[in-house]
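I've put the structures underneath this note.
Here come two complexes built around chain A, the first alongside chain B, the second alongside chain C.
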Partner chain A sequence: MKFNFEYLLSVMPRLIDASLVNIRLALIIMALSVLLGTGLTILRAAKLPVVNEVIAVVISFVRGTPLLIQIFIAYYVLPSVGLDMRPEVAGVAAIAFNSMIFVSETLRGGLATIDPGQIEASTALGLPPRAIWYKVVLPQLFRRVIPVLINEATIVVKGTALLSVITVVEVLRTAQQISAASYRPFETLLGAALIFLVMNLVISLVGKFAEARYAVSRA
Partner chain B sequence: MRFDPWMLLDYWELLLQGTWLTIRITVMALVLGYLLGIGVALLGMARSRTLRAIAGTYVEVLRNIPFIIILFLVYYGLPFSGVRMPALFAGTLALSLFVSAYYSEIVRAAILALPRGQFESARAIGMSPAQAMWNVVAPQVLRTIIPPSTNMTLTMMKESAVLSSITVPELTYQGLVIQGNTFAPFEVFAAITLIYWMIAIVIAETSRRLEARVGLAQRQSVTRNPIADRYLSLERRPAR
Partner chain C sequence: MTATLALKVEGLTKQFRGTTALDSVYLEIQPGEIVALIGPSGCGKSTFLRCLTWLEQPDDGFIEVAGQPFGRERIGAVVRRQSGREIDRIRPRIGLVFQQLNLWPHLTALENIVRPQIVVLKRPREEATRRARDLLARLGLADRAERYPHSLSGGQKQRVAIARALAMDPALMLFDEPTSALDPELVGEVLAVLRQLAEAGTTMLVVTHEIGFAANVADRIAFMDHGRIVEEGPARQLIDAPRDPRLKGFLDLVLSHRDGPAPPLA
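Now for the complex of A and B:
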């Protein structure tokens, strides 16, 4: 069988339609993971006994096991404890949980780069903890971790392709459905690959702009 | 719901086979991926602009496409252009290609981080480019690449779970088989997860020993003041 470029072009519209699903899910996941990851980081900074030890085990678990398995757990195991979710919801929950941990670890690394003198100054001025977090620490922290968060966003976008295994109809699943009918897997899969390539290159490009615009001035 | 981990004992052989295959695949992809990665890294530093562009495209393409699509392209796609290969071979190849893109960036960054003078002075005292690379650059690069390579190897080991979707009988695949027979997802995934977790810990520990052996300096912990630590540190430390 020869490579058919026109066939590749003919499947692109359907794949591009399906890519909206990936984009929507990835946006929800990133919003959740940044929000929850920040919350988790603030919680860890409170250094409560037991809580931090439990979180440490959860982190080791999430970092030590495959995302695919985490997706399977959300999809197959959670229903048996009474949490029956649609495939999309289970998938978003699994990837967001995974990503939240990585965001929190990123923020932890960022915290180490913040000048301790600023915290001393804020404390001396009598700023309440809430203000220290929102006005002093977090704004600087997020500027510093932009490159890593952009990278995490491309990982999340790639992660949405895994949701095809739990029957979410996104780009890869659509490509599989098309090729099951046409017996042309190479062209359709290549189309799907192109879509992910473009999505992630756009994210990287936006990231470059964001970095130039918001990054700490390294004068 | 009943929790009955003992029924997994009936399937210990499948779990063991799956674990062993996952380990073998990881080791093969590590070796093959590193060989490819070094090749691509050197290509990326070639004098020719075309060669550099080829290396750059290789890395960008492989890093921006989900691994599951790379895998399917190798497994379902290549046979259509006349190359037919068994699932295990296709899976290991895809995994090696995937990880090689990241390894090559690690190697490239490590070489570029070395002062240029190292290579140049080795050349100046009469070493050939190959000798300078092997005797002067490589030993120093080795030190810098171990930590990031460990991270990437862990990611790759976890990514190998995706090989289950092209019927490679590794750990995840065996888990899905057992789950199909027993309808006990909780026990099965708990077991699989624990095994992956243990493999990850073994890899991390091996790398730590390797680091100690090549004499990687322990990063000193920054001494901080207790006020700043309230916000900037996430670890509880014993009071001094």
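Now for the complex of A and C:
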């Protein structure tokens, strides 16, 4: 079967429409994972004995098993224990959980690079612990981990393609549907790949701007 | 009379797993008074200041700042430990300047001084900014307001740290060897600021190895050894006529180890 450029162009509009699903899900996942990852980091920094051990077990599970299996678990297993999850919700939950752990590990790594003297100075000035997190620690942490978060965002965007296996009609599943009807998998899958490539190039560009923007105030 | 003291410390004690860092320290500071705290390395000076700001929780003893119990209070025969929130509320009454120049690197010099006023004292931003600019000007840093800490010299950073503490209107300023992390040529500008604060009537407790500064600027000197204040008195008297043999030994050591010419003590 010869490569047909015209055909590739003809499927792009449908794939681009479908990419809105990936973009929407990736945005929700990133927002959740940064928010929850930050909360998890603060919780772990409190060094509560049992809590940190439980978290450590969860982390080793999330890091030691394939994301695809985690997605299936969220899709098949969780509804059977009473959580009625639509495919999109299950998929977002699985990837966000996975990503949250990664964000938290990254933030924890950054935490070690913040001079404890600053924290003591903040305490001595009378800043309550909450304010120290919000005004002193987190702003510095996020500046430091921007490159890693950008990288994580590209992984999350690619990860949304995995949701095709649990019937979420996004770019990859749309491509599969098209090629199943037309028997032209090469062009449609290439079109799908191009869409992910463009999305990730945009993320990298935004990341470069963000880094440049905050480099000014870096110590 | 007691109520007017800027600082009153009674029986402050702190142990670290076996080692006694503070051994029942008593100290009173009148408003406007400048007290220098001297003593050999490891004698407990930093621990004392850290306990005074409750960065370390003292095992025993009482602190009063401008007549207000801090950390622990006595209600009749009962001793009550204050909550974290109560402690945070009183903390700005004591300004602490560290040896390390602990500015927030993600904020400009100006914001370093403005933020805590807004967050802790709930001052409106305009008022906080006005106070910060006044202080920067007083400390000779008017043209450094918009700079980030990494582009300031050590002496400038330390002056910003001093301004940040002063902006909280403390009843008392504590300095922990404020010049010892600085390059020698920058020590002078920070000492000049301390002199200026002294002239303006700021109540200060200064831990320092600058004996010349202690002798010339402080009203009183307290000498600490092994976690106790073993001798205390008017600055000149204590240096010219030390009574405790440990103080004598310490002064001999410090004065003979100075790089520059001996300061005019008499």
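Just so we're on the same page, the second predicted complex is superposed on the first by the 214 of 219 C-alpha atoms of A that agree within 3 Å, B and C clash if a C-alpha of one lies under 4 Å from a C-alpha of the other, contacts with A are read in each partner's own complex, and residues count from 1 in each chain.
Just so we're on the same page, a contact is a pair of C-beta atoms (placed from the backbone, for glycine too) under 8 Å apart; a residue touches a chain by one contact, two chains touch by 3 or more.
On a predicted model such as this, the values are computed, not experimentally measured, just so you know.
Superimposing the complexes on chain A yields a three-chain arrangement in which chain B and chain C fit side by side. More chain A residues lie in contact with B than with the other chain of the pair chain B and chain C.
Once chain A of one complex is fitted onto chain A of the other, the partner contacts of A:Ala112 are limited to chain B, with no touch recorded for chain C. Touch criterion met: A:Gly64 reaches chain B, while chain C stays clear of it. Geometry note, superposition on chain A: angle between chain B and chain C about the Cα centre of chain A is 100 degrees, to the nearest 10. When the shared chain is aligned, no partner comes close enough to touch A:Asp17: not chain B, not chain C. Contacts of A:Leu201 after superposition: chain B is touched, whereas chain C is not reached. In the superposition on chain A, contact is made by A:Gln140 with chain C only, not with chain B. Residue contacts after overlaying the shared chain place A:Phe72 against chain B, while chain C stays out of touching range. In the superposition on chain A, A:Gly126 makes contact with chain C only, not with chain B.
Here's the short version: in the overlay, chain B gets within 7 Å of chain C at its closest Cα pair. Taken together, the two structures place residues 117, 120, 123, 129 of chain A in contact with chain B in one case and with chain C in the other. Residue ranges on chain B touching chain A, taken from their complex, read 1, 60-61, 63-70, 72-73, 76-78, 80-81, 154, 158-162, 164-165, 172, 175-176, 179, 185-186, 189, 192-193, 196-197, 200-201, 222, 224-225, 227-228, 230-236. For chain C in complex with chain A, the touching residues are 53, 55, 84-85, 88-92, 94, 96, 98, 100, 102-107, 115-116, 119-120, 148-150, 161, 164-165, 168. Contacts from chain A toward chain B in the complex involve residues 1, 3, 41, 44-45, 47, 49, 52, 60-61, 63-69, 72-73, 76-77, 80-81, 108, 111-112, 114, 116-117, 119-120, 123, 129, 132-133, 137, 154, 158-162, 164-165, 172, 179, 184-186, 189-190, 192-193, 196-197, 200-201, 204. Note for the complex: chain A touches chain C at residues 115, 117-118, 120-129, 131, 135-136, 139-140, 143, 216-219.
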